[in-house]
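Chain naming follows the written order as A, B, C and D, and within any one chain the residues start at number 1.
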Amino acid sequence: MSQHSHGRDDSAKIADHHHIHSELPSDPALRVKALESLLAEKGLVDPATIDAWVEIYESKIGPRHGAKVVAKAWVDPAYKQRLLTDATKAIGELDMLGGQGQHMVALENTPGVHNLVVCTLCSCYPLPVLGLPPAWYKSAPYRSRAVLDPRGVLKEFGLELPEHVKIRVWDSTAEVRYLVLPERPAGTEKLTEEQLAALVTRDAMIGVAKVTA
Amino acid sequence: MNSIHDMGGMHGFGRVEAEPNEPPFHERWEGRAGGIVETMSFPPGFPGDRFRYLRETLRPDLYLTQSYYEQWLYVAEQILLEAGMISAQELRDGRPAAGEAKRNDAMRRDVVWDYLHDRTHTGRKLEQGPCFAIDQRIRARNMQPEGHTRLPRYARGKIGTVTRHHGGHVLPDAHAHWQGPAPQHLYTVRFTARELWGEAANARDTIHLDLWESYLEPA
Amino acid sequence: MNGVHDMGGMHGHGPVAPEKGEPVFHARWEARMLGIRRGATFPSEVNIDRWRHIRELIPPHLYLSRSYYDHWYMSYVAALLQSGWATAEEIKSGHAGSGTAKRNDAMRPDQAWESQKTRGVFTRAVETPPLFAMGQRVRARNINPSGHTRLPRYVRGRVGIVGRHHGGHVLPDSNAHGKGEAPEHLYTVAFSMQELWGAEASPHDEICADLWESYLEPA
Amino acid sequence: MLKDHPHHHDHPRAHSEVPSDPALRTKTLESLLTEKGLVDPAAIDAWVDAYEKKIGPRRGAAIVARAWVDPAFKARLLSDATGTIETVGFLGREAQHVVVLENTPAIHNLVVCTLCSCYPWGLLGLPPRWYKAAPYRARSVMDPRRVLAEFGLALGEEVEVRVWDSTAEIRYLVLPERPAGTDGLSEAELAALVTRDAMIGVAKVEAPKEAKA
């Protein structure tokens, strides 16, 4: 693990292969179409499988999953305890584990602590519970500033936190994926678990918003 | 600011591509662009450090794709726009708005040579003596200013040794933002390559930076 | 590698721009590219860590100017070229060269959901006991590898506190370069904002990062 | 320190309204400024002429050659380069405060500007492209030996490499080692051997071919 590491030549070869991109059309729609037909011709992909994956991310996986986890934790203290102790197991109980979300940690927001999740190095995100990340989560502004100026970023999302609240930013550098357990809003005592789940937003589970009643 | 211009220690840019017998300008426009920026009228009292700062504000992907003289053009445009000496509309049209009075105070051909040898410089006499002595161990401060600074990220928080004192110099961090010259003592500080880059670096090699007094604290 | 992908703490990228009612995909090609990433056959050496490294090696100006799924396109193309599974000509034309034998082992549509549920488990047994205990002060090592690493530049050399132990996890630095999974203990380490960014940072806030044992030393 | 970023940050698209072809963009700006009386095209001509024909590495080479033949001059140059070069008349734009760095068999100096492209114009003319480009700026502080090797200069382990990052207005000029076998050469002949690259520190000065033989 030195700067003269064995990775150097390996990396240089890959970097060379990236040179092709300057010779290809700039419109990604054209490039991806050509890639799909090439892969299909070579038998490296079945276009129907692409359809299946698109359907998974468009209809089967999304923030509704995470919202169910949150709502259950709000109404079921024992579940909440299990979630905070071993989120992988607790989310597994609901059959909501999967790729990019096999090792889960839940972070509880309280009046004194606010958690915020980012991946500065790429765009790691808990796919099985939140679906695909929004464009802003993957963008340079969020990745660069969430760690240096989390309060400024939150303010841009309309969330101004008092000085005494401790902000904990979680940079997803490994394969552990983070889900924020937002505070249950006041005045929701009478709502059912399902009604509560409908209040929980994706942004609140990333930590850039609170849940409002 | 911690932007893409602060390149020291980055990977991913490939090899250094040296060009044999490189001409001063590769195309005619490069010389014209350089000449425009060097000889055009600047806003009164324009602080030289602001030129560098404005270059740093170029969008990061454009900073990496635009050539040096293109970046100068961008800076020249920003300077003139900021000062209201040209308008965005004029820049798009390439001609002055109707009814503009033409100025007659631009740098003339016969003073260019003198301008290139003018001795206006950033050295300043300071009343107060320097805080740090030659051979003193110092730590470069860990700071993340959003504005202009000449303390590269790779040296922040690292310990070095003062090797030279240059007297007072205009402080870019203030000057670039129209806050006056605010001169401070300037030092050359030597860092070992291992302090900056870790144990895998060469044990003999050193990196030297010119750093202002407020960039430093005793170590 | 210290590439432009290592963005933590950078300025110059502008404000975060959330989009109201953002669709899952902004264009059909994004959906197709996602489907290719998940459903296409990959050269066996392209594990998740190598995939990330291939993405980090996208030329910096393209990394900054092109969108997320375009990064995937560029990375998959580079992986195909690297493995010899496709030629530059084939990528350009979108058609297989003559005489290519068609494979018949691509993922079937009915296998997609099972793949989604089961892929990506990275915990591994590690024989040795963990070197660091909960609450222990550790320093992130100052390393600057040219290959893949998940130790961001902004935490290197900084002292934090071990907050959680995740057991053994595949080490990206090794796995990305075909040198085996080399699992190590993984810890969550909490750093104060002031430790990372200096005295002007918020005194209340902290940043937690998941770091492998070899990234750390006792402090 | 400050947040007076230029207006384009609020309007990231504004910049794309100007022509993207730099030649056209230059022409547009030159004619606009000329018409407004903000620049005189003849002054641009004079500026171009100065850097194409008059101000270049020959200036630095003259200083190096003089230092090689005149020990008193060399001593003054190393202790006070600014004062010494001032008497030659080379100081001015981008060369107001100069430090000269002596290369020896044990010490090799290398100059870079990681933050922009600072360079001693008054002594070396305008910098070459590679000096201003990302690879050199990024790598020479962390990996100077490999950068030098790519320039064809392999230094022994016993040599100390000193990299000078030009962060302030001090400009650095490397005083290369005088090559062996040049004892009979005149100051002018010596100056002809000294290259720009040697005065940046990415090369050594070679003896002329006949002198080597």
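Quick note on the criterion: contacts are C-beta pairs under 8 Å (C-beta built on N, C-alpha and C of every residue); 3 or more make two chains touch, one makes a residue touch a chain.
Computed from a predicted model, the values in this text were never measured in an experiment.
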Quiz item: Using C-alpha centroids, which chain lies at the maximum separation from chain B?
Solution: A
Self-check item: Between the pairs B-C and A-C, the one where more C-beta pairs touch
Solution: A-C
Quiz item: Could you state the distance in Å from the CA-based centre of chain B to that of chain C?
Solution: 34
Practice problem: Could you grab the centroid distance between chain C and chain D? Build each centroid from C-alpha atoms only and quote it in angstrom. | Solution: 39
Quiz prompt | Inter-chain centre distance, chain A versus chain D - centres from mean C-alpha coordinates, in Å | solution = 48
Exercise. With chain centres taken as the means of their Cα atoms, state the distance from chain A to chain C in Å.
Key: 13
Exercise. Would you mind listing the residues of chain C that make contact with two or more other chains?
Key: 1-2, 9-14, 56-57, 59-60, 64, 143-144, 146, 197
Practice problem: Could you list the positions in chain D whose residues touch two or more of the other chains? | Solution: 9, 12, 134, 142
Practice problem: Among the residues of chain B, pick out those that touch two or more other chains and give their numbers. | Solution: 2, 9-14, 56-57, 59-60, 64, 144, 146, 197-201
Quiz item: Which chain B residues qualify as touching chain C in the complex?
Solution: 1-4, 9-13, 56-57, 59-61, 64-65, 141-144, 146, 153, 156-158, 197-200
Exercise. Within their complex, state which residues of chain D touch chain B.
Key: 1-9, 12, 14-15, 17-18, 22-23, 25-33, 35-40, 42-48, 50-52, 55-56, 89, 91-93, 96-97, 99, 114-117, 122, 125-126, 128-130, 132-139, 141-142, 144-145, 147, 150-151, 157-170, 197, 202
Quiz item: chain B touches which residues of chain C in the complex?
Solution: 1-4, 9-14, 56-57, 59-61, 64-65, 141-144, 146, 153, 156-158, 197-201
Quiz item: In their shared complex, at which residues does chain C touch chain A?
Solution: 1, 5-19, 22, 24-29, 31-36, 38-41, 48, 52-59, 62, 64, 66-70, 73-74, 76-78, 81-82, 85-86, 88, 90-96, 100, 102-113, 115-123, 143-152, 154, 164, 166, 169-170, 172-173, 176-179, 186, 188, 190, 196-197, 202, 204-212, 214
Self-check item: Touching residues on chain A, where the partner in the complex is chain C
Solution: 1-8, 10-11, 13-15, 17-24, 28-29, 31-39, 41-46, 48-54, 56-58, 60-62, 97-103, 105, 120-123, 128, 131-132, 134-136, 138-145, 147-148, 150-151, 153, 156-157, 163-176, 203, 208
